[in-house]
Amino acid sequence: MDFSFSYYIGLAGIMVFTISGALAALEHKDHHHDLFSVFFTGFITAIGGGTLRDITLGNYPVSWVRDENILWAIFLGFLLVILLPRLLTKLKGELFLFDTLGIGIYTVLGTRIALDHGVNFFASALLGMISAIFGGVIRDTLMNAVPFIFRKEIYATACLVGSVLYIVLNVWDVNSNVNLIVSSSVVVAIRVLAVRYNLGLPKIKIFD
Amino acid sequence: MDFSFSYYIGLAGIMVFTISGALAALEHKDHHHDLFSVFFTGFITAIGGGTLRDITLGNYPVSWVRDENILWAIFLGFLLVILLPRLLTKLKGELFLFDTLGIGIYTVLGTRIALDHGVNFFASALLGMISAIFGGVIRDTLMNAVPFIFRKEIYATACLVGSVLYIVLNVWDVNSNVNLIVSSSVVVAIRVLAVRYNLGLPKIKIFD
Amino acid sequence: MDFSFSYYIGLAGIMVFTISGALAALEHKDHHHDLFSVFFTGFITAIGGGTLRDITLGNYPVSWVRDENILWAIFLGFLLVILLPRLLTKLKGELFLFDTLGIGIYTVLGTRIALDHGVNFFASALLGMISAIFGGVIRDTLMNAVPFIFRKEIYATACLVGSVLYIVLNVWDVNSNVNLIVSSSVVVAIRVLAVRYNLGLPKIKIFD
């Protein structure tokens, strides 16, 4: 097991993904809002992307099956939501930053894992992005909503830019810790700028 | 292959899950209600949870790929639905008991399989529950509805209690057949009581 | 790697699935219609069925992770959509034929892969069908719609007939290239006839 800097950041990301998923369950009008619904939505949001990456790669055992700490990080996030639901709802601005840090780290770690499996660059970039966004996609689908990645300002694309950058810097033999920090910072920067200035990708119109 | 008591109970559970999925398709207004829709919804409901457990564990070959009997049990359930749709709709009370027995057995078998793979207790408990409930979650998602686990009286939580109990009794070296019967009975008992007395978990409210 | 006839037909099928997925995103009213949404919907449609087949079989590495050409075929389909959206929308009749060819080939290739893994006939037939249809199922689910396989004229059933035929001819030791052509042609023929004459399977009615 790897108890490095990125490991603890990853656990923090898991906790924040859990909180964002649990809050989404609380805000959904068709949900029962009971303890289980809130826990399970947080759990799925937190582990969905990494699990899909791992089963697509055949990277067994899957992270949360191997490392119980991930489940305790989820449980901690869940406890915070049931103890302090109003506070966390008010802190959404602060949570946004945390969530953004989470997708930055997740993108890079996912890309790293794919490269370590000898996967081609194109697929590695996609798997890095999928690691970061797919928990949210599953959360929204279970909520019976069109996934936010199809609606919001630049989100998945920020991850894609970060994973491509990580691969390029990796080919150039940049130190992997430096690369982790630079590439995930670029994800965070693009996402923060996109939200602040309401930036989206060009649209394609076929119907007038 | 294991032709024990729990094997045949498991096949019966598969058949009942198929029937419940197929009836859900028949009752859905946006569905075509043709032979394929009914079969496929039953199939997905029956194998969804176990398949997700197996691919998360890397437990290959997946149960229905390895054991054709599972598919014949599904086919038998499907035949019953197309031959006796009105009867089965009337028997819903009786089917509820069968479905409850099914989730009880599934929970325990799923937990057992996870423990046999050397998985930590927390993840094993979750995988036991996922085995039992996720076929229904996929069924509801394909039906474009919020999954029933987010709406109904205590359901997934009953499975979680059963899988935790199985793990505790397993640590205490209780005979595994005794443990199977006790733990799955607890799932059934909680579920029956929850439906009879309309019991749910505490809700969390953030909006007044 | 296999650069045979069926390999190139498979790549053409991937490209057409991408186009059909991307056009579906463009036609969906709740979507943002930006470059990423269109790409990602096309990507999921193209690789969803094969990926689900591979992870169910434990057939690693998954096709698009192993073979970058699949991703370039997807990228090419995506480029065509963003460069020629109006033209492709008008060509839907022609694309229908291509899509039908795609599901024919996919069904047979998926069945072949399952048989090569020593899977029983019943499961192989289902996995052949799943290879062909599940990308579309995931696409529709992410679009928050009831999957088209539950609505349209005979579609999945055509695949099921084709996979069963492939298995029968395989047992009879028919040459595998001949079998590929015959079985996929049967899928295409059933689908074309079903659309032309608006054929559906018998419905099951329980409510009057």
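When the chains are written out, they are named A, B and C in that same order, and each has its own residue count from 1.
One rule holds for everything that comes next: a residue touches a chain if its C-beta (ideal position, glycine included) is under 8 Å from a C-beta of that chain, and two chains touch if they have at least 3 such contacts.
Because the structure is a prediction, the values reported are computed rather than measured.
Asks: Any chains in contact with both subunit A and subunit C?
Replies: For subunit A paired with subunit C, the chains in contact with each are B, in label order.
Asks: To test your reading of the model: what rotation angle superimposes subunit B on subunit C by C-alpha positions, in degrees to the nearest 5?
Replies: The best-fit rotation has an angle of 120 degrees.
Asks: When the C-alpha atoms of subunit A and subunit B are each averaged to a single point, how far apart are the two points in Å?
Replies: Going by mean C-alpha positions, subunit A sits 29 Å from subunit B.
Asks: I need the residues of subunit B touching at least two other chains; which ones are they?
Replies: In subunit B, the residues touching two or more other chains are 55, 58, 141, 144.
Asks: Hey, which residues of subunit C end up touching subunit A in the complex?
Replies: Subunit C residues touching subunit A: 25-28, 30-38, 40-41, 43, 51, 55, 58, 60-62, 64-65, 68, 71-72, 81-82, 85-86, 89, 141-144.
Asks: Per the contact definition, I'd like the list of subunit B residues that touch subunit A in the complex.
Replies: Residue positions touching the partner: 55-58, 114, 117, 119-123, 126-127, 137, 141, 144-147, 149-152, 154, 156-157, 160, 200-207.
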